[in-house]
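The block underneath contains the structure these notes are about, expressed in structure tokens.
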Amino acid sequence: MNPTTLPARRHAARNATLATALGWVVAFAVLAGLPLLLTADSHKFYIELLSKVMIMAIFALSLQLLIGYTGLVSLGHAAYFAMAAYATAMLAPQSGPGNGWVLLAGALAASAALALVVGALVLRTRGVYFIMVTLAFAQMVYFVFHDTKVAGGSDGTYIYFRPEFPVPGEHLLTVNDPMHFYWLVWLGLVATVAVLMLVLRSRFGHALVGIRHNEQRMRAAGYATYRYQLGAFVAGGLLAGLAGFLYAIQFGFVNPEIASWHQSGNAMLMVILGGVGSLAGAVLGAFSFVLLAEWFSTLTKHWQLLMGGFIIVAVALLPRGLVSLPSVLRHGRRRRRNGDAGSGTGEAPAEPRSHTEAA
Amino acid sequence: SASAQTAAPAAGAPAGGKIKVGFMLPYTGTYAALGNAIENGFRMYVQQQGGKLGGREIEYFKVDDESDPAKAPENATKLVKRDQVDVVVGTVHSGVQMGIVKVAKENNTLLIIPNAGVDEATGPLCGPNIFRTSFSNWQPGYAMGQVLGERGLKKVVTLTWKYAAGEQSVKGFKEAFEAKGGKVVKELSLPFPNVEFQALITEVASLKPDAVFVFFAGGGAVKFVKDWAAAGLKDKIPLYGSGFLTDGTLEAQGNAAQGLETTLHYADGLTNARDKNFRLDYAKTYKLQPDVYAVQGYDAAQLLAAGATAVKGDMTRKADLYKAMGGARIDSPRGTFTLSKAHNPVQDFYLRKVDGRENKVSSVAVKALADPARGCRL
Amino acid sequence: MNAPATTILEAQQLTRRFGGLTAVAGVDLTLALHEIHAVIGTNGAGKSTLINMLSGELPASSGRLRLKGEDVTGWSQPRLARHGVGRSYQRNNIFLPLTVRENCRLAAQSRAQRAWRLWESAQGCRTAATLADEAMERAGLEHLADRRASDLAHGQKRQLEVAMCLATQPVALLLDEPLAGMGAEESARMLALLRGLREGHAILLVEHDMDAVFSVADRITVMVNGAVIATGSPEAIRTNHEVQVAYLGEEEDEAA
Amino acid sequence: MDIVSFLIQCLNSVQYGLLLFLVASGLTLIFGIMGVINLAHGSFYMLGAYLAFTLAGLTGNLFIAIPLGIVLAVAFGYVLEWAFFSYLYERDHLQQVLMTYGLILVFEELRSILVGDDVHGVQVPALLDGALPIGNDMTYPVYRLFISAVCLVVALAMYYVIRRTRLGMMIRAGATNREMVQSLGINITVLYRFVFALGVALAVLAGMIAAPVSSVYPGMGAQVLIVCFVVVVIGGIGSVKGALVASLLLGFVDTFGKVFWQEAAGVLIYLLMAVILLWKPQGLFKAG
Amino acid sequence: MNQQNPAAAAAAPMIEATGINAWYGSSHVLRDIDFTVGAGETVGLLGRNGMGKSTLLRTLLGHVRQRQGRIVVAGREVSRAQPFEVARLGVAYVPEGRGIFPSLSVRENLLMAARKGCHGRNDWDEARVLDLFPRLKERLSHGGQQLSGGEQQMLSIGRALMTNPDCLVLDEATEGLAPRIVREIWAVIATVRATGIASVVVDRNFRSVLAHADRAVVLEKGRVVLSGPASDLAGKPEALDRYLGV
């Protein structure tokens, strides 16, 4: 699916939507089922790894909303991730487990508030300038955590007790059990995808896509684009906050580096690698980025060579990211070179000109 | 050199199988050379024991920590949970170390720190399963403070990277130096790993101190020493530092480093037989000169051996294992050392002077210096 | 004087400077309901800049703007647009990667934004769909509805440009050379459309096609170098000597 | 601060600023003017430093190594553009981000495999190995003055070529409309390949010239990369003059920031960038 | 007025294209088109919106990658050539949408294109172009982005002339120009024609086209449906009505 192309033919669109929905259901079912296979003690690690990958997927999804749908290429997205993680660490009681729901609310509020303030300022700039100003603000956040003693300075700080998630009546979730935590993250991912899908099919989402392609025209049509963009920016920050919160409770350790530009850069790479303008792309990007690095590093100590090579090959062969792999395989590479100038900057969505081709 | 030994599919190792050692070290990035040296040292000792410790063979697992603290907990988890190692050996970078300590404590996995000096690891975060064969950041600084205090210097400026290793090093220095009646008149710093020193060098010169004390390492150390000399201050204001300033960097520093004095727990030109053999073997095995990092790796293996031998290879007898390790006397190339209550080496600190390509020992700055282990409740 | 009753948009002494250049110098202009008001003038006379100011896209350096009697000087473009000021662009300004229908739908959706209704599907928005279909039909684009805008020929893009303006249901239409790039047939169709729209709208038409201008305009304003040199009925303008010299050229050779 | 120290600090600022400009100049060309987001620029800088180390070792003199290195760099850049960049122009800029990130990883590992991970120094050429006394107890190395001179020459040459020559106009034109440039009879493919190579050569030159003062170490490229982007962006993308002014500005802010406001030394350049861009969203000197 | 240009008959054709087919993706836009422009000849290209006029021009100039057929320009086969090679054979292009370089000033837009013609011809220089478009003279240091639509159009034509072409390809070159300027443009085309420069003109005003061209070609859905001397076509209102909708 690719909501960048607001569906063309109703009929085809409905089929595509169905196929997409089915794809997500299957993917989530597989993810939910995996722990049932990974039961051995030594498999615990893989459960945790998958949890972490899903957290990164949430993070990438939150950025996809900005990059892929709103055209706001932020290189400071780690700031909101880190803000939530730090908020979690600082709100968590020292003496015993905290209430997870309360911490979650605190973390999300903190990251959304930060995104609101930063967004209100950075949205004055565009393009590469926007990239760099978001980076600048993220670096400021980084240095605040790094150079002041609010939360352990450069050493970072610990969450000594994993929070509990009381469900009315009982304590269904105890995240000390990696399995429970896994499902908590799973739930987070499902919720994120669902919310984003809803947002993107709404008028708000369509307006964002319009703004991404031509902001001037949207203003001429009567959209107060600044408010839309700010809304998207805060939503992106909020979801990044969800990822940051989950990260903090998974590892119980936060360090300024999670706010560094490397972290922001990684999220951006996941989005691009997977495919700009596609939710599945963000998830795919996160999974492949983390898991491949994982795998390559078991092969050789020069694993980054493999990673670099993989990325280069992916860019060369899959201009629309990993999500386009199936369609590229299907259509062969016949039209890879066809993209005639005039069709714009290559910002074309993942299913280019399928209608003209059918014509 | 030691080739990559990688994770076998994790399966519950049968008792009496191999001891699983997990290296969590930087194999890429700025500290890659240090990570390699540590691994080399470790492997060499094991080799010398015929590949066995406590009667059991050793199986290695490796994770590249990339010196990235953000990935530290996850990477450490890899070794602990996926590979289910008996002992984690790592790492170089203090920030990453904090993450490893956290994971080790949570899982009660044996951890041997072969470099990172972050004071907390053997301070507030100390634990029965956490050991260090290197130093605490406080230590080399303290030793230098002692030396300069005894030399009767009064007015000293400090200069460092603003992060754990630098700040703690300066703290140690200040403690000793001011106890001896000196005064640190100004503490200058710049963000890690910034290497634009010129402004600060000028600032130091304008303060006209009796001496400066610095902490820098690796590429930054090379550049600092060269900039210092180029600014014409080398013969005007004496420059002192903790040993990392001139370790593994002399080739690059060239003339600019000649005559510099530093304090560290290791030096060139030590006279003990242990060191002579170590150096010969190392040079033979790896076609490289060993450095302090190799020594620390070597000693990490020795410390593990001490424990493994005591429990006859049964790594599940944790209490006995830790007890034996805590009480071990390590016959290190640096000279014999024991461990403090908090499991940090109680060791001699040498005053060294750069001579050609060597950090020649000139004297023992402080004998059997123990980290105060503030905040440790062991 | 019953002008105020039907005046929709009114510019008073609008001026715009770019550095040392005064692109629009103290222009007074009114757009009345049920009227097509053409603005013609030499290249670089400031017609597009005027439209930019009337639509709020560019702030005026000085002067005032009134919409239905209300002072709207300094209003943002989106706000003016929501109050009924719509414009088309001289140079295509469309959503290239989207289909023609989506282009129009997005424009139309601005009539019913309701962004907070996240649970509602945009496709399900009747208002937008109807307005979009209507706009496409009026501009003669129905057969191209599912084409990507980037795949259109130039003239078709020009049609889309106008369709998008129509889709926002403006009361005041500011059209910047809507006929440019259109073939004879499409031009004729567009003119018919304009005549049809005259009822219920106030239209400002910037155009260099004199046949077209003289055939539909109720009133014509002529600009040269930022200033208005003449304004009046088509006949008056056609015979105005100054206009002849500055804009039309001495003799018209093939105008009908 | 007394007047002498103040003057010396000013000198330091200018010197650091100029060095920054030298490193950023190649980025101005490739990113600012050609419009390619090139994260691998830092790697080219690192490549230069290692080339200086290797070639100076082989030839015994940095001044022989530099021209040699530049020739190699141009050839390298030319091939690189052909292999990895030529098909990216018509794609989304973000593809370039990904591609150049992949290249960073590859370069970094190749370096590790070929030259190892050790820190190296490069000898200052004997000719320039002197120092000038400043004030009572400081000296100023002649080599640093030499670097400054090179920077100024590069800045002037770049400004001239890009602003004043037809070649410069073609390059700038190509960034916005390749098809039209072709229609004017210009072989944009070769032109851009060549300009890219030139950008690489500038980075390599910067790395080689800076090697004696900066030393040569793994990861040195990453450190300098972000600062270079900051320079190019603050100055206004594509503006040589802007890059020069921004470099000097950063030089001053960084130098005096370290002295007067240590706690914020790290954050200062970002603060500066944020303030400037919020005030002038297109940078100080918008090109064109 | 419509007499054959004497230069046209003498030399080899400027552009000779046979069996041209072109595609965008899988949509087949041009079908078996034969198209010739004699040396010094002015050819008008007509057709409704979207019939393939621009595509034909862009194909001849090498901009459309998916193409078939044989194209010879100034005696050289360029069927698979790159656009810059075609341009160097003396073909200058004024594209629809103008293609002004926004980041270059007006003067730079002109200067970067300046070039001697194939036969060493050098009649057009900055001064002459500015004489033709005095409006541009006042805007010389302005950025291309800041020009009004018509000014951009002038600049685009001026820029093409700066290459001293043997053949001028004008795609809707009068779009957005004031009537007076339009007349000047047609005068330029006439001048150009008189100096033996060939041109291909696409313009919405078919009367002007027929008045100034030697020959005209009408396209419909990517095929040539009508072609012949301009004067002949002018006398066939019913055909024009059918294919152009007038």
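Letters A, B, C, D and E mark the chains as written, and numbering starts fresh at 1 in each.
Criterion: a contact is a pair of C-beta atoms (placed from the backbone, for glycine too) under 8 Å apart; a residue touches a chain by one contact, two chains touch by 3 or more.
Bear in mind that the values here come from a model prediction, so they are computed numbers and not experimental data.
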Exercise. Supply the minimal count of touching-chain steps required to go from chain B to chain D.
Key: 1
Exercise. Starting from the Cα centroid of chain E, hunt down the chain whose centroid lies farthest away.
Key: B
Quiz item: Counting only C-alpha atoms to place each centre, which chain is farthest from chain C?
Solution: B
Self-check item: Chain pair showing more contacts of the two, A-B and A-D
Solution: A-D
Self-check item: Separation of mean Cα positions, chain D and chain A [Å, integer]
Solution: 32
Quiz item: Which integer distance in Å separates the CA centroid of chain B from that of chain E?
Solution: 75
Quiz prompt | Inter-chain centre distance, chain C versus chain E - centres from mean C-alpha coordinates, in Å | solution = 29
Quiz item: chain A to chain C: how many Å between their CA centres?
Solution: 42
Quiz item: Touching two or more other chains, which residues of chain C qualify?
Solution: 151
Quiz item: Using the touch rule from the top of the page, what residues of chain E touch 2 or more other chains?
Solution: 24, 27, 63
Quiz item: Where in chain A do residues touch two or more other chains at once?
Solution: 143, 146-147, 304, 341-342, 347, 353, 356
Quiz item: Quick one: in the complex, what on chain E touches chain C?
Solution: 24, 27, 47-51, 54, 96-97, 135, 139, 146-151, 153-154, 172, 175-183, 204-208, 211, 244-246
Quiz item: For the complex, which residues does chain B have touching chain D?
Solution: 28-30, 32-33, 36, 162, 188-191, 193-196, 198-200, 202-203, 205-206, 208, 218-219, 222-223, 226-227, 230-233, 236-237, 248-249, 251-254
Quiz item: How about chain A: which of its residues touch chain B in the complex?
Solution: 40-42, 44-46, 48-49, 52, 143, 146-147, 153-156, 158, 251-253, 255-258, 260, 262-263, 297-301, 303-304
Quiz item: Which residues of chain E touch chain D in their complex?
Solution: 61-63, 82-84, 87-88, 92-93, 95, 99, 101-105, 108-109, 111-115, 143, 145, 159, 163
Quiz item: Considering the complex alone, what residue numbers of chain D touch chain B?
Solution: 1-2, 4-5, 8-9, 12-13, 15-16, 108-109, 112, 116-121, 123, 131, 133, 137-141, 143-144, 213-220, 223, 254-256, 258-259, 262, 265-266
